[in-house]
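One chain, chain A, appears in both complexes that follow, with chain B as partner in the first and chain C in the second.
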Partner chain A sequence: MYELPSGAEIQAIITTLKTSAVYYLPEIYLSALFLVLILSDLVFRQKKNQLLSIVSLFGLTGSLWFIWKQHSMTGQEIFFGMYVIDEFAIFFKYFFVVSAILTVLMSMTSDELNKRTSGVGEYYVLVVGMVIGMVMMASSTDLLMMLVSMELVSLAAYVLTGYLKRERRSTEASLKYLVYGAVSSGLMIYGFSILYGLTGETNISEISSVLLSRGYDPVTLMIASIMILAGIGYKVGAVPFHFWSPDVYEGAPIPVTALLSVASKAAGFALLIRFFYVAVPHGPDTGAFTPGSEWLLLLMILSVTSMIYGNVVALWQTNVKRLLAYSSIAHAGYILLGIIVMDELGTQATLFYLISYLMMNFGAFLVAVTIANKTGSENIEDYRGLGRRMPLAGAAMTVFLISLVGLPPTVGFIGKLMIFSALLAKGSVFVWLALVGVLTSVISLYYYMLIPLNMYLRESKQPLPDTIRSGMLPQLVTAGLMLLTLYFGIFFTPLSDFARYAVTLFGNQLY
Partner chain B sequence: MLSLIVFLPILAGLIILAVPSSQKQIIRIVTLLAAFGQGILAVLIWQGYDPSLPGITASADGSLDGSFQFVERLPWITLDLGAFGTLNIEYFLGVDGLSITMVLLTALISIIGVLSSWTISKQVKGYFILYNLLSTAMMGCFVALDFFLFYVFWELMLLPMYFLIGIWGGPNREYAAIKFFLYTLFGSVFMLLVMIGLYFSVIDPATGNHTFSLVAMASQENYIEGSIFGPESVFWRYAAFIVLFIGFAIKVPMFPFHTWLPDAHVEAPTPISVILAGVLLKLGTYGMMRINFPFFPEVFQASLYVIGVFGAINIIYGAFCALAQSDLKKLVAYSSISHMGYVLLGLAANNTEGMVGALYQMFNHGTITAMLFLLVGVIYDRAHTRQIDKFGGLASYMPVYAGIVTVAWFASLGLPGLSGFISEAFVFVGAFSAEVTRNLAIVSVLGIVFGAAYLLWSLQRMFLGKRNPDAVYELHKDAEGNDVIHFHDWKGKNDLDGRELAMLVPLAAIIIVLGVYPMPVLGMITTSINKLVEVLSPVVLTALN
Partner chain C sequence: MDVLFTIGLDHYLVISAILFGLGLFAILTRKNAIVVLMGVELILNAANINLLAFSKYNGGMEGVMFSLFVIVLAAAEAAIALAIVINIYKTFNTVDVSSIDSLKE
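For the complex of A and B:
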């Protein structure tokens, strides 16, 4: 029988909500931005200008200030333990907002979006909506909250993927994404419910302590683990939960592909790290390398298959977006390596790798947008002879791609260096993982170099003008990202310190 | 000084970036000036170099004074890694006897390469920017004393090389370029892992921190007990030695990792072949001497025979392949493989004579093979073919060319009086006096015989006798009734022109001078080689254990 809460209890709840709201300002601000964008779309519908993109650009930039303010509020649990503020979450909030800013910049220059759709109003609204979801994913410490925020991200992503309504492949991609998404969410909910059945708790720290104190049936926990990993694996695009990603990446508008491949993936990793490090019991000897569950093995399988499958299948791709889709599967594998290490250095390497991935992947997609605007094609064949005609795009693409391979002097090299250092710092146990990592990165060289190969080494079949000009904005952003990729490849201390600062995880029992 | 010699070409590259691409002459001149600048600096370094200081490791008191010279050492990156202390990467340059000769060689070949690039007319701006980048990376590799820095320079070479072969190369250039890239990267990713492992295994005695310093890594007492490459970690030390060796052997290139080389050489434009053969291959053996052997000396001691066998295979196999070639450039490429085999054999001898011979052979191979490739380029520019049987009797019509070819060919086969002889003789003396490589030395001498065979045979077919019936050139009578050679659509001078002479004569002079009086080079390297042999010797190892 259910009793109504007494007045005092309600009073206490309201007080908690009030005090929590102070710590929830970035999310409130972003939600307000979301509403402002909807309203301005309604009010200024007739005018075909960049109003919405500029509002979302400034709005998103403004949110950085609110996130920055949170540095003084870390270590705080709010909304009855549903949500935390820690440096780890703040790092990801910056990450998502910056990704969204880059996506907006990219969308502003994309002909695909601006000329071939009926309007871009809802587009920016959805991007901001997705950012809200991702920001919440990084902070959630409760199974329900995790689920809700993940669904928010997914819903926005389904619509964004199908935004080119008149293109069949875009619609098809959206439907595919939806179906796969629904299944894997379903699995994850089932896994969560088993976990709840085992412990009677939804808060991840509580789950961990109950599992430890009360003991558990390993088979049941294993089943729950696999189901939860299916949900998270789908989000990060790791093999064998990757089947949606090549089709979705190919069908979605390029800026959306970039957002999905970087931010949505990173959100999945944020959730994975928090869940894995906090909810999974690691035994009483937390310092040593003795994980208390079979999760580590599962993650190793995911990581190794992702690296091998992603890099090998990418060899046969002829479409740049598909190629980058398989590359992003492979990169999910590299990032998982950093998580497997399960110590500060590993987390630091993971976070560093994510930043480097943000720069190089957004850069590569931005160049793809620039080229698609000019040629209307995403086929590698149609990149022939473009290197000489678009010098900046060609040089920048080469830099981004060698960074994705992991060659110095680029930030991608430092990312790989940190990941492998974290692995080898554990002595010889993880050497085999590092070997898989480096060998697959040699394979990756071949397909990444296909793009510069076509851009520089081959002449186009159709006559092209001697120089192809693109707009000011994409050039500036491309050049900026290229210089950052190179600069942080040589002087990476600031980035690495930033990542190191962000490894603090609320309720973490590993380090 | 070393920073300047390394980064001068990059500066030139940045200047070129600002020059409009129509100003081809300015672009060439800027690059040439940078290369000459490097040359002058190299000579200054050579003049200021004190050959009595050994290098290789730090001095007995742990300092670099009295060991390395022209040292520049700055903290570059300091990372806080929490429980793992701090990650220290240094900007650390310096030269010793191993690198000084290579610095001189690199500066020399860079100048020759620019001169040889003068005729490149396609996308000149891009070409010279990449050329300068390559030049910086090569020089950087030879003077870097921090493993991280070395690795950055090492990898930095790959991309410009890929484009230089891929854009300005021959018909099959795409294949050759990516093959080169994949092979070398395959070797170097293992180096990356070993580098990280070494970092966690080595402590710089001066600071007590982990370090990437190649100098600290060369002293076995700096390895920590219980670390992955620590003294008792036999399995991992062997594994590291083997993968490092493969990484460097790919660059040498050592059989069976050599197949990228003939492809790359045949497709690359002449100046890039010159650089590739003249400098890049040396990086492989330099890496062995600087990194691979001194870091894992006991494994080196255990694998002398294997290295020697591979050296002997390289010598004989390269010579046989060269004998079978109908393309002159491929012949030179295989002769290059054969000659790098002498370096491996000399290293396997593990004594001062052999090692001195190996290092001297590296220098001589650089100058001689550069000359061979330039000479191939000369005839290819005129005739647009390199098929040996498409010529014949060239000596009568291009006497200067034939004369210089003869010098280069004889230097390559090791004629006494020319520099190649001395280094090969040292290698054989060393290999013969060491018990383990004695039989190999006897077998390898056959390589000299086959070397003489393919070189003399090609010389005979191309230059002696009369014009072949299906030769690519015609003969016309001039006013005095003498035969004058005529190539299709070749407007320039039939025999060597001024620019070609400017490249070839200095090289020929160096080859002759160093053949008669090798002390300028030998004097510089002997102290360091003695030190290297001492570091590698089993005596030191047993004393440690």
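For the complex of A and C:
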């Protein structure tokens, strides 16, 4: 049935692979780092934790250079259309590497990881593995590649979540993450198989052209879209695919929680944007729903329910990590708003919001680590009276939370402003979406401000020492993130230019 | 009667849909973590049948490649899943999903 390729064809394939490898350097470099980390974990016996974290820190920083080199190679389609390099992908590559660097810094300071486990050897290996997966997610343009890279991220994340394996909650979190993850990726694969059956193609731009030229059955396409959305929705943690996130965020070690809530979510959004903008056809006018384009309606439902559910349920939370979990569900809703707009302004707003989310969420989790190291608690009640005793942590936490609410003069305010103004510029039904966004932001003010309230205005029940000292490194990183949050809240032009520069998907005229 | 005796694309799709349904049923009703994971395997295999059938009738090789990758991913996932389940059993002395609920309000 199938003929074997001739010698000349094999030669041509090898040539393509060789030329493609040049464009694949960041990923190759990260894979090499992955191997180096495994080897140094095996070779070195003493002072391993320090060494491995420093190696991964420098290694990840080095990969930024390789990603920077890719700016001159954009517009390339490599490995037979499996993979592309465009500004959009490069933006996300920076994003993932930076968040991994912050995670490594946070892990170095976390007592939870360094004291309570037998060793953190594999920990950094898995973090780097997750970064490789996420970097590939942002660039892949083939269903197969999307699936493989997404599974790479998931598999590493399952293990990282359960890394504190002697602790009940960490173990339980990893089981819950695993079960939900396995089910949703199963659904996604089934959706992919239906989409393949409809078109006979696995490349997303070819899928789109076949769907448009040959026509399709809207119901079948809808079923496939919903199943694929289940897989991606699970990654971004939007309602109704959010069930795992509060438990997993609470149980996982705090640095892992931060990585999951920022980087893994952003990877999901990268995939969502690329897949739905390119593969699934949508009408010329996004306001009118042509058959098959109902996925925009689906995203609207997802976004509105996420904003309402996340913000309302967060009101009752007493654990800081759980509170941030619900807040991250709500933020998934806000980011989805930017995606729904489906024009240049909307995508720019989405990317900007992701950067601001990186700063403020990592900052909040970093303060949570610092406080958990000192008090051994993540309960909001135990934050009482800490503002005076840990001045930097208190001030920084307040800034990050103000930014998460979306009040000036922080970067979170600019992010929300950009998303809402993109919605308003579009008009019609989008204005109502913006209204829901504004109203739910008001609700969020209450539960975010509960933390500074406890820190500054309420006195703790147990006697605490007058000043609580924390290490040099966490203080530096916290202060840096706080200053950046404030700085970009006022001088946001470089970031928004960066985001606008990144709004180019490979070879597709979207707008 | 002709439909029953000549195997066509529909036959494969029906089998795959039945497998998918059984897998989903197992996931939704069973409490045992291992059985839930078996349900996931059923869904993955349903997708594999779909891919192979479409590949046969569409005439491309992509579906075959895809299903090979799905098999490998299923194996990798099973390895990690079983490790986590063993860890769960060591900590909780049970693999019943409904009784593992220490993370709650």
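As a convention for this text, the second predicted complex is superposed on the first by the 494 of 511 C-alpha atoms of A that agree within 3 Å, B and C clash if a C-alpha of one lies under 4 Å from a C-alpha of the other, contacts with A are read in each partner's own complex, and residues count from 1 in each chain.
As a working rule, contacts are C-beta pairs under 8 Å (C-beta built on N, C-alpha and C of every residue); 3 or more make two chains touch, one makes a residue touch a chain.
Everything numeric here is computed off the predicted structure, so don't read it as measured data.
Engineer: Check the residue A:L439 against both partner chains and state whether it touches chain B (first), chain C (second), both, or neither.
Structural biologist: After superposition on chain A, A:L439 lies in contact with chain B alone.
Engineer: A:T202 contacts which: chain B (first), chain C (second), both, neither?
Structural biologist: It touches chain C, and chain B stays clear.
Engineer: Look at A:L296 in the shared chain and tell me whether it touches chain B only, chain C only, both, or neither; answer first, second, both or neither.
Structural biologist: neither
Engineer: Which holds for A:I90: it touches chain B only (first), chain C only (second), both, or neither?
Structural biologist: neither
Engineer: Which partner does A:L211 reach: the first (chain B), the second (chain C), both, or neither?
Structural biologist: Once the two structures are laid over each other on A, A:L211 reaches no partner at all.
Engineer: Touch test for A:V148: chain B only (first), chain C only (second), both, or neither?
Structural biologist: A:V148 contacts chain C only, not chain B.
Engineer: In the overlay, answer first, second, both or neither for which of chain B and chain C A:M449 touches.
Structural biologist: It touches chain B, and chain C stays clear.
Engineer: Is A:T493 touching anything from chain B or chain C once the two structures are fitted on A? First, second, both or neither.
Structural biologist: A:T493: touches chain B, not chain C.
Engineer: For A:G427, decide between first (touching chain B), second (touching chain C), both and neither.
Structural biologist: Once the two structures are laid over each other on A, A:G427 reaches chain B alone.
Engineer: Using the touch definition up top, name the residues of chain A that touch chain B in the complex.
Structural biologist: Its residues touching chain B are 343-345, 348, 388, 398, 402, 405, 407-409, 413, 416-417, 420-421, 424-425, 427-428, 431, 434-435, 438-439, 441-442, 445-446, 449, 452-453, 456-458, 491-493, 496-497, 500, 503, 511.
Engineer: In the complex, go through chain B and note every residue touching chain A.
Structural biologist: Going by the criterion above, the answer is residues 77-84, 87, 123, 126, 151-152, 155-156, 158-159, 162-163, 166-167, 173-174, 177-178, 181-182, 185-186, 189-190, 192-193, 196-197, 199-200, 228, 236.
Engineer: Please output the residues of chain A touching chain C within their complex, sorted ascending.
Structural biologist: 2, 143-144, 147-148, 151, 155, 158-159, 162, 165-166, 168-169, 171-176, 178-179, 182-183, 185-187, 189-190, 192-194, 196-197, 200-202, 246-247, 250-251, 316-318
Engineer: Any idea which chain C residues touch chain A in the complex?
Structural biologist: 16, 20, 23, 27, 33, 36-37, 39-40, 43-44, 46-48, 50-51, 53-55, 58-63, 65-66, 69-70, 73, 76-77, 80-81, 84-85, 87-88, 91-92, 97, 100-103, 105
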